[in-house]
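Input: structures, listed below.
Next come two complexes built around subunit A: one with subunit B, the other with subunit C.
Let's look at the complex of A and B:
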């Protein structure tokens, strides 16, 4: 952990060397998310609800997913850039060092420009939470925290799976973006509105709905069963097949040379 | 016709050049397809919540989304020609200025060719899949041959509006040290107002009237709304005239600005 903090501050310092570039990337992240926020607002000027969810409830959903995704991307960027690491042979250096592989990949990149989305998610939560009419109990506060924390974890596992695929293909696989970026983009609405097929897929195969739709039902008081609040913990089991797949790929890894 | 020859050659080179990146295009297709489908499902959910508040039919929205995804390279401002920014920022542009070819025309041709080649690669598979999907998610033709001719014409015009608009952003790179900021802000805002996030008919009324008259309303909005049958008769004629008007204004403004900028360009040796 101490070593990670060292890497963390090192990345922070190095990115601050290029302030303009950093600021513009952050600005870009912020603006794209802002345009999405405005379009949601425009839609709700016409419609009172979608699939039974109000404007504030949708905003909470949007902000939670954005927050989970951006914090996961902030630290997990190393896995996002993993194909590059494989392609230029830098991964071989990782293998000979006496440290855990996942740790080293994790520490190889920290992308602070992702804060552009994070800040916006915080702002939207500050707007939406008091207006949502949620009756705050200890359990509900905990549910919200679980949604964000476990959501970040699930996105992180997705990044690892993406990296594991590139053991076999060397190149990045853009189709994984459908799950990562797609989860963030389309997670702005509760997944139930996309229909049963999508909801089932995101419950049993890629457990994004477990950190979004089900706990949201508990959060806004539509379900009283505590199990709904705890589904984000269940989603963390996704790490088991995810990590196993990564190990499997790692064992089959043949260097590309440099 | 002799004057057009170098442009034609340039167009052909850029076009075949971009066709080389087939693998990247295929990978992008899956993403685009899922994206389009999810947008449609979300719109369908809004439709089911309150059909009366929906500004167009669901079928029209479905057509809008599929055609937008199919021709994404034609319609979106953010699909910049990055080599132009690099040329200006690195000073490479000095070489281009020596060439006996008008720089505005050169950049315009390059951008148009690249956008078209990307669109050609991407549109066919997306359209095929969109046509064989089950109802109500299927892309439907209809409205007769004249409508489709008008759609094609309007799409060419909208390509010209998008390119002549992005020319202004390329030229602005002469005046800024780092063009990233302009690129991002104008790109995101422009695509938003053009109806890239949600179609313009979904905007609140006060904003809608203004945008429809602006150059942003003359971009993807026109061909897509002609195709899905939302616009008919006089509205089409009016909109296409507006497209021509904006092309004229944007090209004129771009040329003037470029001439003034090029006079001031100082190329640091090296």
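Let's look at the complex of A and C:
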């Protein structure tokens, strides 16, 4: 952890070398997220609810997913940029250092410009939470925190899976973006609105619904079963196959070297 | 102490022709070609020895180095370095080796070199005294005191290479792999680097394995050369032996060129 903080401060120093670039990228991130917010608002000017969810509920959903995604990207960018690491040989350097490989890849990037999205998400939560009419109990606060924390974790595992794929091919990795960026973009609405097939996929295969749809039902008081609040913890099991796949890819890399 | 016995390594490379039609075809059926990167490579290096590992581009030098660093796993064969198999005990192994890839930097581009060194200290858990002693000594010999506060991006290639070497020695490795350490350097920097490697080997007894295309490196540094071509070890002997079998008055460059020709590599 101490070593991670060391890396962290190095990244901060590096990125602060280019303050203007940092400011504009952060602003850009903020604006892109803002545009999504506007589009949701316009939608709700015409309709009262989407798939049975109110404006405030959708905003909470949107903000939670964006917060999860941006914190995951903030620290997990090393995996997102992993093909570059492989391509320029920097990964070989990782392998000659006496530290855990996943740790080093994680520490290889911290992208502070992602704070732009994060700030946007915080602002929306501040707007939507008091208006949502949620009856705040300890359990509900905890549910909200779990959604964000476990959501960030699931996105992070998705980045690791993405990185693992790049051990095998550098082409056609775009399909993973359907899950990462797509998960964020489509996650602004509760996943149930996309139909049963999608919901099932996001429950059993890529457990994004476990950090979004199910706990949301509990959070807004549509479901009283406490299990719904705890599904985000279940989603963390996704790390097991995710990590195994990464190790598998790593072994293959070590035997093929490309 | 390094021992390699009958190391084999093959790569499967996708064949792909030029042009759209072939590219489209490659989408559906890929043809693979097996490339023998290393066949039956064996040699050993004693502790404190300095060895020049030479061969034309694509001969298998980097593959061998990568295997010795634990980056790659060979198909078959035995490799023991300091009593360990590199790819099986990666973490313990890499603690005791230093690696300089001449064409890739391990320094952080935008922060002072000193910060990179301190990060490396923490990565290897070098204790404060050892670190300070090593740093002071290396900085003095390589004449770097003035540039420690400079970010790597503002350094000249020669300065940067010297910093790279420091970075890979801070944890007291007993073996140093140098992959083209003098590539692109000017004459003054080359000489500085060579003198330093020599001194390191003499004073600390560090085992050095060096790949290079610069025959003056070889002449200045190593007594023993190992020649690899098309994945096979073709020659393993002293520079003096090589000189004896070469035409009179040939310089190192010409001797090696003659060798490449002789072995048709």
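Here are a few things to note about the model shown:
Quick note on the criterion: the second predicted complex is superposed on the first by the 250 of 258 C-alpha atoms of A that agree within 3 Å, B and C clash if a C-alpha of one lies under 4 Å from a C-alpha of the other, contacts with A are read in each partner's own complex, and residues count from 1 in each chain.
The rule is simple: a residue touches a chain if its C-beta (ideal position, glycine included) is under 8 Å from a C-beta of that chain, and two chains touch if they have at least 3 such contacts.
Here the structure is a predicted model, which is why all the values come from computation and not from measurement.
When the two complexes are overlaid on subunit A, subunit B and subunit C sit side by side with no clash. In the superposition on chain A, A:2 contacts subunit C only, with no contact to subunit B.
Looking at the shared chain after the overlay, A:96 reaches subunit C, while subunit B stays out of its contact range. Of the two partner chains, subunit B is the only one that A:174 touches; subunit C does not reach it. In the superposed model, A:24 lies in contact with subunit B only, and not with subunit C.
In the overlay built on the shared chain, the residue A:182 is in contact with subunit B alone; subunit C does not reach it.
Contacts of A:35 after superposition: subunit B is touched, whereas subunit C is not reached. Of the two partners subunit B and subunit C, more subunit A residues are in touch with B. Contact with subunit C, but none with subunit B, is seen for A:254 once the two complexes are overlaid on the shared chain.
After the two structures are overlaid on chain A, the closest C-alpha atoms of subunit B and subunit C sit 9 Å apart.
No residue of subunit A lies at the contact with subunit B in one complex and also at the contact with subunit C in the other. Those residues of subunit B lying in contact with subunit A across their complex are 24, 27-28, 30-31, 34-35, 38, 41-42, 45-46, 48-50, 53-55, 178, 180-181, 184-185, 188-189, 191-192, 197-198, 202-204. The residues of subunit A lying in touch with subunit C in their complex are 2-3, 6-7, 10, 13-14, 17-18, 88-90, 92-93, 95-99, 251, 254-258. Per the touch definition, subunit C reaches subunit A in the complex via residues 11-12, 63, 66, 69-73, 75, 87, 90-92, 94-95, 97, 99, 101, 103-104, 106, 108-111, 115, 118-119, 122-124, 151. Here subunit A touches subunit B in the complex through residues 20-21, 24-25, 27-28, 31-32, 34-36, 38-39, 42-43, 45-52, 173-175, 177-178, 182, 185-186, 189, 193-195, 198, going by the rule given at the top.
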